[in-house]
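The same subunit A turns up in both complexes below, where it pairs with subunit B and then with subunit C.
The block that comes next holds the complex of A and B.
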């Protein structure tokens, strides 16, 4: 069949045809559920019986729901504890591997290995170490004559303990991205700097870090979103938000409202407000990255 | 006109004939051909192996019904809801009695008031069978009950010339006596879990009532009394913050003299060499009637329009109930009174020591939302035992949490 199209048009048709399968799947599994859940924020729905339209009641209630705001504050607390250290650790470990250190292969495995574990494995591992009486840390502390530490029984300590576990677990990802970026920096830059008399810390500060700017922006966006979306390890290590549910984070709150209390519309409302927050953060970062690239 | 009349008459005849046929069929449904039923269970570990063995025995015992087990484990109730919505519900499924009102009220299970075999219902321990009813109709047939009990280390008590405490005053005296002799971790229990399991028993021992209705309405004065008791024991260091794994380790390793947990704990204790233990009811307040928390794994029949499968399901439930000695080896308390009275059952280790506990089991009330409420009870207890709340604060928080669940 001969289609009377210009070659440019043909290219467009071909391109769209190639995109179609992805667009269809993406629409079904992402776009449609997103708008459907947005509609549900105006309903009261227990999944089993028919939804009941209640207007803006879910929003009104959510704004005064202390538990919702507590879980929002908690995730910001957790993000503050994990995001920047995770980026720094990724960079430092990548710098170590790129240096002339011996046994690079072993170090690479040590830094990357935890990343392949599943959330339950990681949580169980750290739970065994954080146990109040028979945990590894406290048993060591007591052996050394130190008082045992209450790793998970206050909100601040619980977030500190879970953050350590999370940093250890997630290190591999940022490490890998930085390592790849470091390998793209031409060696001549460093040689030239050395000839000019730059010490190693000068080279890192004046060469490496500025050259990694774009990578750092990418890592920062991904890390911030990852931290904000944390749920599994916090849920498992604190044992559903110990002490007394005070360390629940926003995704835990949404999960509980939706799947345990079967208040789907309300859970969707919380999820939507959280989405707006993450979206705003991403937009700000995008703006920053654009202005950086413009320079 | 004649034609019309004739047609009307004919259709009336056909209709009434069909109607009578239908009625006759309904009355005379018997199990005819080979039937396959899907059975969903939520067990893991030793329990899962025990139920699978019984199901295999059932299949071998007759040719008419084949039960196909699906271990639906983690996220069980969510799967049950999803299956219901997708019209792929199993024919028979396990449901905790404490969760029954949530699903029965939404029409997920069949009303079996008139279909359940009376001879089976007559066999079931009455205070547990009661929990199978919601709104006056029967939806579940209990397989077991798993009450909260007290374990004690016989060796430690004998070495120190102590009797098994019957009351909380005696319990306190025994703990203090052991502590005076230099024992530090005398009492072990899962502190957070006690917020539901120990607390509910004490609330009932103190005569706490629950108003009838589908929402939980407790009596504030009694709730306060229970937390005052906990506060007293907390301040004396008898109730401390202990995690589940640690509490179990303390008892298994012979460190603690007293240990409270559900009857399921025995499964591990019986396998532990050198642990010489006994098991009985939790202590009682002076002058109060014994009461303890208990839940029950029960069988329900999710909505099903195939009468053959319903019959087969009930037949299956009956068989498992009559053969629940095997099930009790995994730690639970059978509720079939014939099984309870059998020599096979009584011959099992420790079973006769706590046989009396079954009469004191107080199931969760028939209110909606217990599965959510119990997590709130546990949260309150965790904060309370950690010292963040006093009795009044715990009472206030509990009522706030309950109110929030029903908002």
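The block that comes next holds the complex of A and C.
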């Protein structure tokens, strides 16, 4: 049914009225702060006194700030540790749960559940496991006659331990996306393959994984972004960056510079560099999702 | 027969991995009900089941206040996400108007701006607006691009006949929305509500930034302060953790299907 001109006009007005609340709030909390942040990177400001224009000095200082680069190296280190295992484990779990087993519904709940815990709960839980003397792991180790392990005392060990906790926490998300994607693969694909006498691992390698290519691309990018944004669990499990602040990641660095040291311009400059890093990954995602839609 | 045996063996193996996977959660819940001596003795199950830890944590930490802060912020924000997302999603998914593509692009653009990358200026903006911690946290999350995407896709999928029939009967835009579209979108609305409730309930960075006093903490921020509290033993802390996950876990178990659809839908479409 074609609308006549006056009801068309009514619909225009109605449509913009409907968009208004979203656009107003979104402009206040995202678009305005974004441009504000670009400006702020050229100022020195401690909130109390007036901001002072200092040109590119924040950027220049940041380039030689050893602590900034350490936090960048740390987040890349942590991302390298978590991203690939998180994708692989999500895929493997989804493949297992969607195979011919009993009680699929229960397993789905079990492997997804930790995802809905807050980062504080996850950190508290794993601190209970990693405690040096009374932690569950070390008590078990000692009982079995093994030496206790220092789970959190060196940066490398701390990152390893926090990675395990992170994988446990976040597995459910990738798992669920893969599970949904697996359910969309028509059964006939598999039936044709099983008639040809393909073994299960052939089927997975030559059929399922290629069919999941698009999903894997999405999962990989979302995982990469999520890993780069890791903060809470590292901050809490290592006890705010221990040992000696050496395990601080970039968001921790920004939080400290901004909200504890009140260096607003400087902190926002670091945040802007972080922004560029995530933005680059997001652009790839946007590009991929568009090229998929074109097809 | 061989086929059946394989299935049982596979189920047992998955069961063992599942049990291991659930162990931390199980440990949290049982520890919260153990007396100090059972905790130290590392008993798998408490010898005597006790709620002492729950009384202790409620008495010694401001769990009650944190819980109600979290409830208030999460409840209002989720409601806002639905109302605002419904309106924008309906306009983008269903209505014809000039400049639609531009509006769409404008909204999508925000998805590539990570909030963490502008956290300093977001904080300053909220401060300039004179908003307190709670109001800031609500405003911050109330415009959700994910909600708009889920809802506009859903509205797009609703057949035209319903709308046309209503128009012939003389229904106006608002009536079509409230009497036809919204009732039909209940599954999508439920999905949006549940997914956002859990995200906002568990949010840590933003409440940490806006946290002013221990009375104003949300549960995740409040619980995180217990890590360095040497007066509190693990038992009460685990009781606090258990209390904090109850609302989301109950909701998840009740609305599992919507929840999972939401997570998958937000990413795969």
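Assume the second predicted complex is superposed on the first by the 259 of 295 C-alpha atoms of A that agree within 3 Å, B and C clash if a C-alpha of one lies under 4 Å from a C-alpha of the other, contacts with A are read in each partner's own complex, and residues count from 1 in each chain.
Simple rule for what comes next: a contact is a pair of C-beta atoms (placed from the backbone, for glycine too) under 8 Å apart; a residue touches a chain by one contact, two chains touch by 3 or more.
Remember, it's a predicted structure, so these values are computed and weren't measured experimentally.
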item	value
Contacts of A:261 with subunit B and subunit C, given as first, second, both or neither	first
Residue contacts on subunit A - larger count, subunit B or subunit C	C
Touching partner for A:61 - first (subunit B), second (subunit C), both, neither	first
First, second, both or neither for A:14, with subunit B first and subunit C second	second
Partner chain(s) touched by A:239 [first = subunit B, second = subunit C, both, neither]	both
Contacts of A:46 with subunit B and subunit C, given as first, second, both or neither	first
Partner chain in contact with A:187 - subunit B first, subunit C second, else both or neither	neither
Touching partner for A:132 - first (subunit B), second (subunit C), both, neither	first
Those residues of subunit A which subunit B touches in one complex and subunit C touches in the other	134, 239, 259
Subunit A partner contacts - residues on subunit C that touch it in the complex	6-8, 10-11, 14, 18, 21-22, 24-25, 27-28, 31, 40, 42, 83-85, 87-88, 90-92, 95-98, 100, 103, 106-108, 110-125, 129, 139-140, 142-143, 145, 148, 164, 167-168, 172-174, 198, 201-205, 208-209, 219-221, 223-224, 226-228, 234, 237-238, 241, 244-245, 248-249, 252-253, 256, 260, 263-264, 267-268
Interface residues, subunit A side, partner subunit C - complex	1, 8, 10-12, 14-16, 18-19, 21-23, 25-26, 28-34, 36-37, 40, 96-97, 99-103, 106-114, 116-121, 123-129, 134, 136, 139, 168, 173, 176-177, 179-181, 215, 218-219, 222, 225, 229, 231-232, 236, 239, 251, 254-255, 258-259, 264, 267-268, 271-272, 274-275, 278-279, 282-283, 286
Of subunit A, residues touching subunit B in the complex	46-49, 61, 67, 131-134, 153, 239-246, 256, 259-261
Residues of subunit B that touch subunit A when the two form their complex	78, 81, 84-85, 106-108, 192, 241-243, 245-246, 249-250, 369, 371-372, 375-376, 379-380, 382-383, 386, 388, 404-405, 407
